[in-house]
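Shared between the two complexes below is chain A, which has chain B as its partner in the first and chain C in the second.
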Partner chain A sequence: MSKRIITPTPALAEYLPQQYKDLVENGPHGRGLGVRDLGSFKEIVEEHPHCAGCGVSLGVRLVAAALPAPEDTLIVGTPGCSFFALSQTAVNYSNTAFGNQNAVASGLKRMLQIRYPDRPKDVVVLVGDGGIADIGLDMTLHSWFRREKITTIMVDNEVYGNTGGQESGMSAEGKVLPMAPRGKNFPKIPVFDLAKSSGCVYGARVTVANPVRLGQVVEKAILVAREVGPTYVQIYTPCPTNMRFSPAETIDVARAAQKGTYAFEEFMSEEAEALIAKSRRE
Partner chain B sequence: MYYAAKLTEEKCTGCKICIMSCPDPNVIAFVCASKKVKIDEGRCKGCGLCVSVCPKDALNVSQL
Partner chain C sequence: MSRQQIADPQHLLFEAPRHQSFITGSEAVAEAVKRANVDMAIAYPITPQSESMHLVGELYEQGYIKDFYRAENEFAVMAAIHGASLGGGRVFTATSGPGTLRAMEMFPVWAGARQPIVCAFMCRGVSLPPSIQPENIEMGMLLDTGMLMLHAEDGQDFHDMILKGFVVAEQPDVHLPVGVFVDGFFATHTKDRVMLPPADLKLPPYDPRSAPVPTFDMETPPMRVTRDPLLNKSNFISGSANASWHQEILAAAERSRRHLRKCLGGLLEVQNPGAKIMIVASGTAVSQSREALRLLRAEGMEVGLIKIKSIRPFPEAELAEATDHADLIVVPEFNAGGWLGREVKAALDNNRRVISAPRIFGGMSMPPGLIVETIKGAMGTKKRTAAGV
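Entry: the complex of A and B
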């Protein structure tokens, strides 16, 4: 969504809501803003119906702020908690049938390369753990095998949040949830390790407790996906509603996970490393 | 009964950690003139994440 497209004519501008005018005048389009600039510009995520203290909405908000070129980005989502906030972003957004997101994103990326051969368009898949690890695992892995140049970002809340708390493939082993009273009886699906062995050229595992690092890895992942190949970012976004902790403890829970199962990890191919070093010099 | 975060302006140093920890967009804004933050109490959901990360105890959640 380039700024030219969203800018209204003067005759129309007076009828538009203040929120929209703020986005045109003070939005992030074409200004190269990042997570550190939050609070001083109008964000592209609008008001959303997420619970108080929601880790997923914090993750989505930070990812949206970290996009290197929001005007040239297309976000692909799938049903789940992640899409409540995403359907209200002021970037191009495409929703898909549950689990189809990486297949749809592959097609959209190829189409955009033909339509805009001289302008990089970023296709970013931003979905929850159910979309990637359970129902969409085959489509996700195959898009990595085919070396599609898309970024896949998982906001992992370790539960099916909006349907009442069923266990997902990413729930921790033994975790008792509202709709899994006997506890989950197999370990977390190692999607991060799968990404490493399936052809991703860059991958990172972060939590919402470290927003600046989250912004850095999302930016790197998108820049690498433009030139080299598929990239993957996994963000831990705890769910206070279904994990039964106070909304004020989301960051503390994420911080505790950083010391255990969700320690920061990053991998990249040589080509990706050279590209990141080059973009840093510029 | 509605709860929202409130700021004690004297304690705020403008580090912006609260802004990066808030799940809702544009609720906490940074005021360049005073180098402090400002909270939109009408849109705050009162979760208290900003309170839990503030290093200077400048924020608290209370009834509107």
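Entry: the complex of A and C
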């Protein structure tokens, strides 16, 4: 997308809301900005109705800021908490039936390759744990098996947040939750390990407690997906509402997880590593 | 691949000289797709659809289609087709019976996203008991998904309705998915004479600017589609926005009538219009009804036949007019539920004239004699009722 496409004609400009004018005048399109530049530009995520202290909303905001080319990025989502911030994001955002995101992204990416063979369009799946690990797991894995050139990002709050905090496959073992009245009786689904064995050429596991690293891995994942193959980023986005901690403690909870289940981990294929090294030199 | 020229749809569909072929319904699908300038097709194996999508895969190999893959299940197929269509190209897929049901959640999404997807449905029974035999109960389950529904009688219809489906689906004032339905096996696995337009002609490419909603390519503003999620709000504004969107889908289906009349020569077609006994049928039940007409004529009985070509939109007004004079209306169909009978009854005054039978299901072909018996039985009942017996 060229900036011209979103620039209003002068006659129309005065009737547009301030947030839109800000986006045209000071948005991130075509400027190569990142998480470190937050505060200096108009973000593509608009105000949203998430709960106070929501880890998912922070995760979405940081991912949006880290997109290497927001002007050519399309986000595919699924119903759930992530929807609330994303539906108000100034990139094309699709959200249809629960769990279908990696199938939708596969079709979309391929069609955009047909229509824009010379202009890479980054198709990014940005979805919660229920969508990726439970109801959509088959489509998640098959998109990786097929080596679709898309980036899959999980914002993992370890519950079905939007429907009342029920157990998800990503909930911690033993956790007592709605629909797990005796405690969850199996471990977190090893989606990160599955990504390694199912065809992802780059993967990273991070939390919202480390925004700069989060931004770096998202950028790498998207650049690698553009050239090499499927990539996966799993972000811990704790949920104060359903996990019953103070909204002020979200970052502390995420930071604590970095010492355990959410210790930073990254993997990449040789081809992905070479590409990342090349992009650093440029 | 022979080099294809882009042809005006009017020329390709109606004017270009056709040549006769002797092919199966599945091959007729591939012949239509070959001429439809499809960008992408996605498939999942299910009987009796599989052969048609094998052939579509070969079209990809031959260069007639730009991308093709075998997906993981029917829900994933319909989701990926949705994604591909969002990207602004022309797409095709097909499914059948249990596959249709597995994919069900995506069909209203297609309509809601105003996507001109053409999908062929080779209808078959759904479990339980397990069946791969012909039945079209799935059509009854799809009546209110928002997609347009055309029901082909034979290979010729199937071929033509797929090509015409793209033309109607992509009209700017329609822009809805079109399902082209055929009764599996009877029409998919049997060979029939099909008149084909020249293979070196194809439809013009899909123009995403004909869509009433922005194409999903980050080149078509507005980039942000919603300001506030319509979901999860029960206030007046979000309710109205959601409802008006649905109303517009229904209105678009209404507007398709004009285009369907032009393309199909009418939403229904009448044989022996003056007869007091009318059979109303769709799909292969029309062919069996033609045979019943022949049997009845041999006995000196004049019976008329109304072939319903468009199930959605349903030709209520045309049907009422064509049956206004009729004393008896018989609706034979290939399913246990009798969805066509219900549609017919809902469209007509004095619907006690309508006999929703025979219904054939479980895998048998429809004996024309059964239609004859149903008519005679209903006439006997009428006579006895009139005589006060």
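The rule we apply is simple: the second predicted complex is superposed on the first by the 277 of 282 C-alpha atoms of A that agree within 3 Å, B and C clash if a C-alpha of one lies under 4 Å from a C-alpha of the other, contacts with A are read in each partner's own complex, and residues count from 1 in each chain.
In the analysis below, a contact is a pair of C-beta atoms (placed from the backbone, for glycine too) under 8 Å apart; a residue touches a chain by one contact, two chains touch by 3 or more.
Model, not experiment: these values are computed from the prediction.
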* To do: May I ask you to decide whether A:Glu249 touches chain B, chain C, both, or neither, giving the answer as first, second, both or neither?
  => first
* To do: In the overlay, answer first, second, both or neither for which of chain B and chain C A:Glu265 touches.
  => neither
* To do: Return first, second, both or neither, reflecting whether A:Cys54 touches chain B, chain C, both chains, or no partner chain.
  => first
* Asked: In the superposed arrangement, which partner chain does A:Glu173 touch: chain B (first), chain C (second), both, or neither?
  -> neither
* Asked: Touching A:Glu43, do we find chain B (first), chain C (second), both, or neither?
  -> first
* To do: With the two complexes superposed on chain A, say which partner A:Val212 touches: chain B (first), chain C (second), both, or neither.
  => first
* To do: Check the contacts made with chain A and report whether chain B or chain C touches more of its residues.
  => C
* In the superposed arrangement, which partner chain does A:Asp193 touch: chain B (first), chain C (second), both, or neither? -> neither
* Go through chain A and flag every residue that touches chain B in one model and chain C in the other. => 46
* chain A to chain B touching residues, read off their complex -> 35-36, 38-40, 42-43, 45-48, 50, 52-55, 57-58, 61-62, 208, 211-212, 240, 246-252
* In the complex formed with chain A, which residues of chain B make contact? -> 16, 19-26, 28-30, 32, 37, 43, 45-49, 51-53, 61
* Contact footprint of chain A on chain C as seen in their complex -> 39-40, 42, 66-67, 69, 71-73, 75-77, 79-89, 91, 105-106, 109, 113, 214, 216-221, 223-229, 231
* Which residues of chain A touch chain C in the complex? -> 1, 5-6, 46, 49, 71-74, 76, 79, 83-84, 87-94, 96-97, 100, 103-116, 121, 138-139, 142, 146
